[in-house]
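By written order: A, B, C, D and E. Residues from 1 in each chain.
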């Protein structure tokens, strides 16, 4: 599984019929220290990920194991939104808590 | 899925019988910023892509999930023509609109 | 199969339903000389690996061949804890023996 | 699919029973400009390729989709002999025509 | 398929039940000129390979196509011991003949 941050979208009208309805996101590749690895991936979203989310994506035939992507010509899908990554006892990533609706 | 621009074709007469009728295209590998990654892929076309099109291609067993490539010895196929890629709120690629047939 | 040392954990609440209950570990990639390869992998644990363990993980569709990961959108899993690696007649890694509970 | 030139052979007597009868060729990896990529592949021949032929080979599970390689422990096979590659309107490779047996 | 030389072993007691009985070997990666590629692979042995043998190993789902590795969480296995590699008419590798038991 690869870590990344959702930074964009890709739109395609003419595509394989099995891809209709899928959403393609552009993901900036990150390592577990949240350093950019210098490249991007294009992956199908299966969990409602949004811009800025740190996500986990899966490649190859395993990317077809979600209900949305089953049997489709798709080799990368986002299947988890990351809350936290901890290495050697320190957080390298921690998702900001939702602002309380009653906070000033 | 990988981005690329269709730049050429490959012709083969002597090949596995399951490949007869498939069209091989040469794709220049691009990243999501439309920068050349310094290499080419050879992929089977499944969507009628033409020279100059920016496309998405899929690798591995997922490349056999289209009707055309099902069960064939093919590990890369073009399954989408890209209309637009947007990163951090700006377009890194936007397909030119068809010139109106009546425009001067 | 790839060697690595378990160095951290990854937590995700919003994920594909098939991933519920799986534990994601962060693994520092090592070569057979136990040198860091300069990157990390995220893999599902299937053998109760803990921080500091040197493990073997498997990638791609083979990562779905354990009872825990079968048919899930997971492309990397830890399926063995390493006791020893020997190259050219010398140990490059040997797991420390458990301290005897009665040792001083 | 990867391009390459057949430059050699590999012989193995002791091997998995499912590999008996298959021919292993050594392929020099080329890009679509016919530049050496600096490495070799070992692939099973399924089309009668010979030394000097420019070929296309396929990797992973797709390499098992030919009649010869079906269900075998083989992850690369040559499944096409290339006649021509054209990029941006010029040929980067064109197979020499057979010399006519009656030509002077 | 990848070339390599068997240089060591890996021992694991705590592992997936499907891996019990398999032998893990450490393989130094070689190219077809028998030059070290600067890394190691860990692969399951299926042909009785020993230290010093030059072998061919197979990756991904194809590594599960031997009788020993079928359906197991294993993504690399040795499935051939190499006798000879010939490139451009010269041997880059030739296995030494067994010393005759009666030779002086």
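The rule is simple: a contact is a pair of C-beta atoms (placed from the backbone, for glycine too) under 8 Å apart; a residue touches a chain by one contact, two chains touch by 3 or more.
Bear in mind the structure is a predicted one, so any value in this text is a computation, not a measurement.
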Intersection of the contact lists for chain C and chain E: none
Superposition rotation for chain A onto chain C, Cα-based, multiple of 5°: 70
Distance between chain centroids, defined by C-alpha means - chain B, chain C (Å): 36
Rounded Å distance, chain A centre to chain B centre (Cα mean): 23
Touching two or more other chains - residue numbers and ranges from chain D: 60-61, 63
Cyclic chain order - from chain B, heading first toward chain D: B, D, E, C, A
Parts of chain B lying in touch with chain D, wherever the complex brings them together: 7-16, 18-19, 24, 26, 39-43, 60-61, 63-64, 71-76
Chain B-touching residues of chain D, taken from the complex the two chains share: 1-3, 31-33, 46-48, 56, 58-63, 65-66, 69, 77, 79-88, 92
